[in-house]
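Two complexes come next, and they have one chain in common, subunit A, joined by subunit B in the first and subunit C in the second.
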Partner chain A sequence: MTEIPNRITVKEWDRRFAEDAAKLMDAHVPYLKPLTAYVEEGDTRLTRLKFDPSPASLWLWNFLLSENERLSAKLEDGHRLVGTMKDLGTVPVMAYSLPNLTAFYPDGAWWIPCIMEANASALKAAEELGINESVCPVRAMVGAIAAESDFPVPGLMVCAVGATCDDFSALAQFINGLGHAIHWWELPHRRAPAAGEESVTLQGGLSAPASLVSFVVEQLAEIRKALSKYAGSELTDEALRLGITEANRARSLIREIRNAVFSSKKRLLSAVDLLIAEMLIIHFCSDRDECIRLFEAILSEVRQREAVEPDSDAVRIFWVNPPSDIKAMNILEDCGMRLCGTDFMFTHSLSAIPEDLPPLEALAMCVLADPMIGPTRDRAGMITAESRRLGAEGIVVSRIPGASHCAFEGSIIKELAGEELDIPVLELEIPPVCDAYEQSMRGRLEALRETVIARRTSQ
Partner chain B sequence: MSKGRAFLGIDAGSRTIKAVLLSGDGEVIDSGVVDQGVKQAELAEALAADLIAGAGLARADVAMTVATGYGRDHIELANTTFSEITCHARGAAHIAPDARTIIDIGGQDSKLIKLDEKGRVHDFAMNDRCAAGTGRFLEVVASRLEVPLAELDALSAASKSPCIISSTCVVFAETEIIGLLAQEILPADIAAGIFAAIASRVQAMAGRRVGEPVVMTGGAALFEGLHEALEKDFGVKITVIENPRLAGALGAALIAKDKAEEG
Partner chain C sequence: MNPLTAAYSSPWVPAPLVKACGFTPLPIYSPSDEYPAANEPVPTEGRCPWSRAFEDMIEQSEFAAVIMTTTCDQMRRTAELLEQDRGDIITLTVPSTTSISSMRLYQSELRRLASFLTSRSGTPPTSGAILGAAASIRPRASQKAARTPVCLLGSHLPVPFDVFEAILEEHGACIAIDGMEAGPAFAPSLDDFTEGASLEGTINALGEAYFSQIKDSFSRPNSAFYRWLSLELKSAAPKGIIIARNCWCDKWAIEGIRIREWTGLPTLELEFTSGELSVSAISRLEAFMETCRND
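For the complex of A and B:
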């Protein structure tokens, strides 16, 4: 068990690397390196971050930062890579059900500027193709594929269109235009069932017409065919069931971590580490079994801390959307606040996939619970309910510059959650490298904390 | 005044540094404003020294100093800092205790602060996308129209047909103004159009419901044309508080007094 909230820098981590790595010997993490090694490879952003000081966290960051090497190694071992886009968590469950497929999100490359600061080659490559900063940061994916710079180009790409971002669809079409085959599927807009229409209850208290579930099942059936053909072996219902069971193991663990962190009166895990851990769930960072082992280690750390840490009076914040610069999570804590809830756009991938239904139907219901494919008011309602349940004292809605799906949601969430819960809601635009904007961000977050503290005092 | 406890509030804004010196019983002894600069700590120090000496006090008589504003972390003489939101709310509520909404248009950002019945911040919003909707926008426009900033108001008053400025970015709006001038649109109509554009952006930030009374703080509150445009957009009476640009510094000084008394 290690101390929190004393977050540490890369330098401090390097100093204690030998000791921490030794603690992970039982977990067999052969790829562990001091984080400085990643800085030297170009991940210079790491030097500006502060991390959770546990060995589990060292493992987490190594797992995250070694993904490219892992993908390359898998390719060399005969695995086939699937690039999946926009479903945020469903297609990977299917792909990992086949032993020789490894799925990942090429659009995860949009995070590269968070890690590599402004020298991200993928963004530069995208710009050379005429895709500039007026497009969502996921444009990094185009540059990375064109330049073959940040990950091995997958032999099969599966992209959802329909109720997804216009920017993203345009970028995926651009990739298609570069000669890369894409299996397109339609992710329908989730609507409320009409009067008398057969309906299905989804995760998060949502509902949808049963006809929409059937439609998505048909779409997933086509994906199944594409994956089977690509893998050279059929993706059977039995294989899918086993894959769902394993995905549920990972989902169960991350839910336990979140529940422990959010419900505790203590600070059990640093915000930036929790963000990264949550992000792993959508494709297991290219190794599902390793991801499960890592989650077990983080959960163990969190539980040990629960037993010994003192209570914290940090302001409890529900955070909406992943910040485009992960340093924002550090800044939140610097300003005397902590996470008590999150909606990083993929809450549907945190829930258990029903194991008592035909697998494609179970997955279709997860797809339709995606918070990003329905009315923003649905999402705002879920955020409001979760914020209430978790005792949030304030909500931060972070915006990603140029990301079209964010245009109105902040004001809708502010209106609904702010009025129903009577708590302050702060909209915060966070650029991919926020250093120049940090003072302004701190000012807003400090104002939020002061507002909450003043309310506490008056109650 | 007799020597004793005094309290100092400093608002280190993007365009100016403001300071308010309070007596032990909370009365304003003196206030001052200087232009912001590279060495803001020294500028603030000099301003504070002037106020303290002018009141016949010594530095030791100042029991506590609170700094606010975007440069607050650089004000070395401050004992502690608070955000502009908290300080503007405190200052405005002191002057207008019934106020439920504060519109503050500063040099670098604009804020909308909702207050509860006790004058505490209930919620707030700040523009953070660009300088459109801020005092800086007015400076750019005045420069482009070749009038001193202080005359922008009088210029807009002569407008009979305010033009529509559609750009939401200062840089693009400046380009738009150049285009309007090329079309021989009257500078008065452009100035009035700018006030309307700023008002529209602030109103969009406010959401659907705005609690009344509404008051206005910040240096831009001194532009009557902007004030009128805001009243038109919000559809409510908006009162410009006394010495609007000192609201943040006054709030900081009042918080200094509160903190000192809390011990």
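For the complex of A and C:
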């Protein structure tokens, strides 16, 4: 299999750190350091990854890995931390509309077992509380909060429940049982409007009953009250509008990055870097302005490469669900494939928030476009439509160990993709550290690639 | 038998409303001789055996209506599968949270249910019919036999409740606290339920009775469930707790950890991986009862 030539390891990156850091001088990134520093702090998975070689990518990884330091620093500066849980993208837009609030997703702890491998104390702490490996890797969140080990425990937690994963809801209740107050809000099941029922069109061509939008507006109004009380100042419509405008700047940039990468005939950004960049959008990695600057740098890099990179014949893959082990993205490329589309479960947070509607109504419409709260067929329909638009030659559905939605979605996506696109669909279960399964994963991905190549030849 | 039978498997479906719409309410909480799971459910990765069994039952039977609920991920997804090819299914949104606006959402869902059942050849409900139906419904009674008292919690069983109860009896246990979904904790008292000023008002009142009284461990927060459990534990003084749950039921799996910690009582988690009570489950039960008796 052809090795992708221009991805680099942590060691290689360390060697050229001074050179890359100099290129970022104008960007003023004070927290920039060689990635080895993070490895020494326990993020050992980095040594097994290959990264995009650009200075923008160095900035990206530093921004990601320094988040906990940033949260602690913000706390010291008088900021108040909000733990937003499960809605993946909407409540942070509200929180960042108040100047002294910083929101982040404790849910992000689900990657701790991957990034820190055996050093993940959060996982051990969860196990000591009785929560073992039969539960989705997001159980690391419970350990991290109980042991106060991986991020500062936020003073306010806002958790969406309802049409969300049961394991997450149960773990959040477990955290509540440990004495942490949680503001619960309802994320309702998105049902199809009945005949004659007033309905609204959401992002992605989805629709929902208008009554559900009103219901979510009420839920968000309660969150607004909780945030205002916590911040000590009212979250006005005007502040929300400004917050939405800024969030839309970030969303617009990540959409441009995705569009450039997915629609190009060239390989413009490594898959693991794209995955991380996409993930930033849900809470801006705890610094919205910095996130926007970083996206601008990545977009600039991608545009420059469009002009100079040769065309790539890598097989074009649409990837569904975030992989529990980010190394899977490297393996995909090692097997001669590249991303041409993704649904990492938060496509609703990539779309523009309407700016011509009352702010809570606009946000409610984003909430209801969440691909995970409606029928899997809706999500499969969006994946199929995007795969067609982007010219995907195959779909990989990445299964998360212990996540119940995974038992249903693979077959539905396979059926729809088979009916409408006639492209192969591969389901892969990816554990948080996939080393033991790597050969089998490679074998299955290579088989997928060969199937696609054979089809290309026959067509 | 009334040809209009509405099958469901959640206590959040109010039987009085179903009955008032001209349907025979048929709550199903386990496979039975009458309603067997058509195919022997096999453990499917990520799929709870109960949701698999219920899907089979619905596909093999000819109910006039099937009422699914969103109370857990597994049944919500199963409802999607069933809805794909059938028009006789409604999925009722049951909120997890306990706010007034969530209650209003639940009440509006009950009104939607009434319209759906009416459209499926049912009768438009009246306040009087709902009231009459409410008066005829009585919750399952707990045992008070002279055996070792246990508290039973959980959702759906792989065998009918009376069969399971008999197995417990054989091993010297009696169910002193019935916290199963088909049991009294999930059956609101309708003694004070009165007719509203309009049909909508009556349905809302019924919804309020259910929403405010059901002690569901899956509510967020679930403090009402723990208040209920605390009172029951004080009054019935069980020797141990049995949590009956299906494989892949994340909610009960995680809640079980908390219940064990919180009560300090011997706790047995009986996990069902298929549509039958396994030999290993029975021998674990035997050992557990021995512990309870000696405690």
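To be clear about the criterion, the second predicted complex is superposed on the first by the 454 of 459 C-alpha atoms of A that agree within 3 Å, B and C clash if a C-alpha of one lies under 4 Å from a C-alpha of the other, contacts with A are read in each partner's own complex, and residues count from 1 in each chain.
Heads up, the rule we're going with is that a contact is a pair of C-beta atoms (placed from the backbone, for glycine too) under 8 Å apart; a residue touches a chain by one contact, two chains touch by 3 or more.
On a predicted model such as this, the values are computed, not experimentally measured, just so you know.
> By the touch definition at the top of the document, which applies to A:Ser207: first (subunit B), second (subunit C), both, or neither?
Touch partners of A:Ser207: none, neither subunit B nor subunit C.
> With both structures fitted on chain A, tell me whether subunit B or subunit C touches more of subunit A's residues.
C
> So, A:Pro424: does it touch subunit B (first), subunit C (second), both, or neither?
first
> Answer with first, second, both or neither: which of subunit B and subunit C does A:Ser252 touch in the superposed model?
Touch partners of A:Ser252: none, neither subunit B nor subunit C.
> Based on the superposed arrangement, let me know which partner A:Ser121 touches: subunit B (first), subunit C (second), both, or neither?
neither
> Check whether A:Ser458 is in contact with subunit B, with subunit C, with both or with neither, and answer first, second, both or neither.
The answer is first: A:Ser458 touches subunit B but not subunit C.
> A:Ser169 in the overlay: touching subunit B, subunit C, both, or neither? Say first, second, both or neither.
A:Ser169 sits against subunit C, while subunit B stays out of touch.
> Once the complexes are superposed, what residues of subunit A are shared between the subunit B interface and the subunit C interface?
none
> Write out the stretch or stretches of subunit A touching subunit C in their complex.
Going by the criterion above, the answer is residues 129-131, 134-136, 159, 161-163, 165-167, 169-174, 176-177, 182, 184-186, 188-189, 191, 194, 211, 215, 218-219, 222, 375-377, 399, 402-408.
> Can you list the subunit A residues touching subunit B in their complex?
Against subunit B, subunit A makes touches at 411, 414-415, 418, 424-429, 439-440, 443-444, 446-447, 450-451, 454-455, 458.
> Can you name the residues of subunit C that touch subunit A in the complex?
44-48, 70, 72-74, 76-77, 80-81, 83-84, 91, 93, 95-97, 99, 101-102, 104-105, 108, 112, 218, 220-222, 248-251, 253-255, 257-258, 260-262
> Touching subunit A in the complex: which residues of subunit B?
Where subunit B meets subunit A, its residues are 70, 73, 82-86, 109, 118, 120-126, 128-129, 207-208.
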